[in-house]
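Here chain A shows up in two complexes: once beside chain B, once beside chain C.
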Partner chain A sequence: MKKCHKALIVGLLAVSMLFTPNLAGATGEGSTTSTFSVSVVIDISLSHVPIAWGTLAPGTTNNLALSNQGNPATITVEQTTNVNVDIYIKGDDWTGPTTVAVDNCHYDTDNTPGGDNWTVLTTTYTTPIFENVPPNTVKDTYWFLDVPTALPAGDYSNTIYFKAVRNGTPP
Partner chain B sequence: MRGAKSLFLFGAVLCVLLVSSVSAASASDEPRYNLGAAYNETFPQIEQGASGTSIIYFYSAFGNVPVYVTAAVDSCPNGWRVEFEPENITVVPQWFENKPFQVGENEYCLKLTYGGNVGWVRAYPMTVRITPPADAKPDNYVVKISYVGDFRMEGMSIVKRSGGVEWTVEVVPRPAPVFNILLIVVCVAAAAAAAIIIKKRAWLRFRHVRRPKKGRE
Partner chain C sequence: MAEGTKPKMWKCPKCGKVIISLYQRQLTFNKAAHLESHRRKRKALVKCVGLLVLGSVFLALTSARLCAAADYNEQSTTSSLTVSTVIDITLSHVPIAWGTLAPGTTNNLALSNQGNPATITVESTTNVLVDIYIKGTNWTSSSGTIGVDNCHYDTDSTPGGDNWATLSSSYPPGPNQGYFENVPPNTVKDTYWFIDIPAGQPAGEYTNTIYFKAVKDGTQP
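And then the complex of A and B:
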C-alpha cells in the first residue's frame, strides 16, 4: 500500500511536469531565439584588388589587367571557414563619359584569354568560377577588358562582386 | 681585424633590420579585404502567429580594410516579413585574441578555430527576425537572404564581397487554448491528489503511533 502511494505521487508529479501548459501559445504571443553556437562559418578575403587596366586604346581587345590589380585578383577561403564553398562573380556596367557594357569584360583562371574557364562578366550570378572550394585555399582570377572603338576618353569605373556561398547553395 | 669583424656584424644586423622593416611595410601596405560570416545552419521553429530570430555574426580577422555590411531578402514566401537589426554594420578588422575579451555594445566576442588554434574575434551581430503571416500553415518554407560587404576607400566603393544564407523555416502549430486549459486542470488535479494522499498517509502514521500506546495501557 505504501509503495503504491509513492508510485502514484511520483507518477502524478511526472505527469504535471510533462504537461506544463504553454501560456505563450495561448495568448498568441512569444518568439524563439537562437543560441550562441554557430554551425556555418564562411570567411573570404580578397587581395590584389581593385582591378585596374590603366590607360587603354579604343578598339583593343582582351587587355589584361595591371599586375596585382586583377592580374591576378586573389580570393582566399580562410582557415576559419568550416564548409566548402562555391564562388560566383558578377559586375555592373562601366560608367564614365558614356556607359560600357559589362560583357566587354572577361575573367579566367589563367592569364591567357580563352580556354575552359574563360567567362564573360554578367550582371547576375550565373555559374560558379570555383566550386566546392575547401577552407585554407587560395584561388586566382585574371581579368580582361575589350575597349569599344570610338569610346570617348575619360575615366570609367564599375563594381565587381565576389560571392561565396556554401557548396551547393544557389547564389 | 677586430674592427672589421665588428663592422661586418653591425652591417649584418643592419641588413636584417632593413629587410624586416621592408617586409613589414609591404605587408601592411597591401590592402586585404576580408569578411567572415558565422551563423546557425538551422533556423528555430516558429509557432503559428509568432516570429523567430537568428543571428549572423560578421567579423574581419584577416583583413585590414573596414567593411560596411548590409543585408537584403533574396526570396521568401508571400506575406512573410524579414527584418534586420541593425540594418547595416561597420566591421572593423581585428586579429584573433588568445582568450575572450571585453567587447562594446552591439559587439560579440566570437570563438573560432583556425588552423588548429582557437581564437576570439570581435564580431558584429545582425539579428534576422522572420515573421510568417498569422495564417501560415504548418510546413517548411525557404527564406533566402544575402549580405554585401562594401569595402570603401576614400568614399568610393571599389570591391564588394557578398554571401548568402538559405534557411528552411519550419512553422509549427500553436497549441490550442482549450488543450492548454485541459492541461492546467490535469496539473491542478494531480497536485490536489498528491496533497490528499500525503495528508492521509500522515493521519495513518499518527494513528499507528498512538495505537501501541493504548495497548501498553
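And then the complex of A and C:
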C-alpha cells in the first residue's frame, strides 16, 4: 500500500509539471504549427451530347456531326474544380450490323478537318486534347467520322469517354 | 473449529485468483460466478476485435473511394450514326440481240454475249443483300408488235427448267419474289434470253426495253 501511494504521488507531480504554465517570466508565450490538406476536386460536365451524325453514305469521309450533337460537344470544367486539369478522350468501336473501327473518327477544336489539334480517336487515353485547363472553363470539341465503303447499312453506336485529371498526372 | 465452519478454497486456473468460503455451496456459487465473468470478458473482447476489423475495412474502402473520386473525373456519352442503304448493279453483255430470226420459230437464244448471257453484277459498293426483279415492254417496229410474253429468260442456256421465266410488263408485286433472291454484294448473275417469233410476223426491226431492278432484300420492287 505504501508503494502504491508513493507511485501515485510521483505520478501526480509529473503530470502537474507537464501542464503547469511557465511562470518564470512576466509573460508566457508558446507556439505550435497547425496543418491541414485540401483534397483535390475535379468536376467536368458534358453538353451538346450525345454525339450524332444522322444518316451517312458509305465511302464518305470527314462527316461532321450534327449541329449541337458533336458540332460541337462541349466540356465544362466546373468552378468547383480546384486544380488545373488535363483532358483526355477515348472511345469504343461502333457496333451495329458490323463494326466500325474507332480510328475512323477524329475530333478537333474547330469544325474544319485537319490542323494542329486534329486527333484520331483511340480506345485508350493517350495525349490530352486540352492541357492545364483552369476551373470554370468551357472547351468545345468537333467530331468527324469516315464511313468505310460498302459498310453494311444500319444503325451504329458507341461510347466516347472524357476524362479530366490533375495537370501533369497520368489519365 | 467445527467441521461445517472450516474454510474451503478454490484457485482459478485461468487467473490464479483464490476464492475462500466457509460453506461448500457458497464456494460453488462464487466459483460459477467467477468463471462466468471470464466468459463475459472473452465474449466482449471478441466483439470489440470484430467491430474494430469491420470499422477498419469500412474506413479503408471509403477513403479509397473518396481519393479516387477526387483525383479525376470521367464522363461519357454515346455517339451514333445510321449508314444509308447503297444498291449498285451494272449490266454487261448487253444490249440483248437476236440478230435475224424467222417467223414461226421458238426459243431462239440471243447472240453470244448479247443476252447469251446478259450479266448482272451486284457491285461491291452495295451494302445490303438484294432481290433482283426483271420486266420488259412489247417489241415494236413500224410494221408490227410482238407481245412481251414471247420472251423467256433463264439461268442457263437451255430452255425450260426450274428458273425458266416468262418476261412480263410489270415486276412481281413482291416482296421476296425477285428472279434472284438475297444476293450479296460483289456477286455476278448471268441471264440467258430466248424469244419466240409468231408465225406470219411482219418483217422488220423490232426493239423493246428490258429492266433489271435490285431492291433491298425483303422489300417491294
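In this section, the second predicted complex is superposed on the first by the 133 of 171 C-alpha atoms of A that agree within 3 Å, B and C clash if a C-alpha of one lies under 4 Å from a C-alpha of the other, contacts with A are read in each partner's own complex, and residues count from 1 in each chain.
Operating definition for what follows: a contact is a pair of C-beta atoms (placed from the backbone, for glycine too) under 8 Å apart; a residue touches a chain by one contact, two chains touch by 3 or more.
Here the structure is a predicted model, which is why all the values come from computation and not from measurement.
Participant: Let me test your reading of the model: by the given contact rule, A:Gly70 touches which partner, first (chain B), second (chain C), both or neither?
Facilitator: The answer is second: A:Gly70 touches chain C but not chain B.
Participant: Between chain B (first) and chain C (second), which does A:Thr123 come into contact with in this model arrangement: first, second, both, or neither?
Facilitator: neither
Participant: Should A:Val147 be classified as contacting the first partner (chain B), the second (chain C), both, or neither?
Facilitator: second
Participant: Looking at A:Tyr156, would you say it contacts chain B, chain C, both, or neither? Reply first, second, both or neither.
Facilitator: Only chain C; A:Tyr156 stays clear of chain B.
Participant: Could you tell me if A:Thr55 is touching chain B, chain C, both of them or neither one (first, second, both, neither)?
Facilitator: The answer is second: A:Thr55 touches chain C but not chain B.
Participant: Who does A:Gly96 touch here: chain B (first), chain C (second), both, or neither?
Facilitator: So A:Gly96 only meets chain C here.
Participant: Taking the superposition as given, does A:Thr80 touch the first partner, chain B, the second, chain C, both, or neither?
Facilitator: In the superposition, A:Thr80 contacts chain B only.
Participant: What part of chain A is shared between its chain B contacts and its chain C contacts?
Facilitator: In the superposed arrangement, which is not itself an observed complex, chain A uses residues 39-46, 49-50, 81, 157, 159-166, 169, 171 for both chain B and chain C.
Participant: Which residues of chain C touch chain A in their complex?
Facilitator: 66-67, 70-86, 124-128, 185, 216
Participant: Applying the document's contact rule, which stretches of chain B touch chain A when the two form their complex?
Facilitator: Listed in rising order, the residues of chain B that touch chain A are 30-47, 49-55, 57, 59, 61-63, 110, 112-115, 129, 144, 146, 148, 151, 153, 156-164, 166, 174-175, 177, 180-181, 183-184, 186-187, 190-191, 193-194, 197-198, 201.
Participant: Which stretch or stretches of chain A touch chain C in the complex?
Facilitator: Its residues touching chain C are 39-46, 49-59, 63, 65, 70, 73, 75, 81, 91, 94, 96-97, 105, 143, 145, 147, 149-166, 169, 171.
Participant: Applying the document's contact rule, which stretches of chain A touch chain B when the two form their complex?
Facilitator: 2, 5, 8-9, 12-13, 15-16, 19-26, 28-35, 37-47, 49-50, 76, 78-82, 136, 157, 159-166, 169-171
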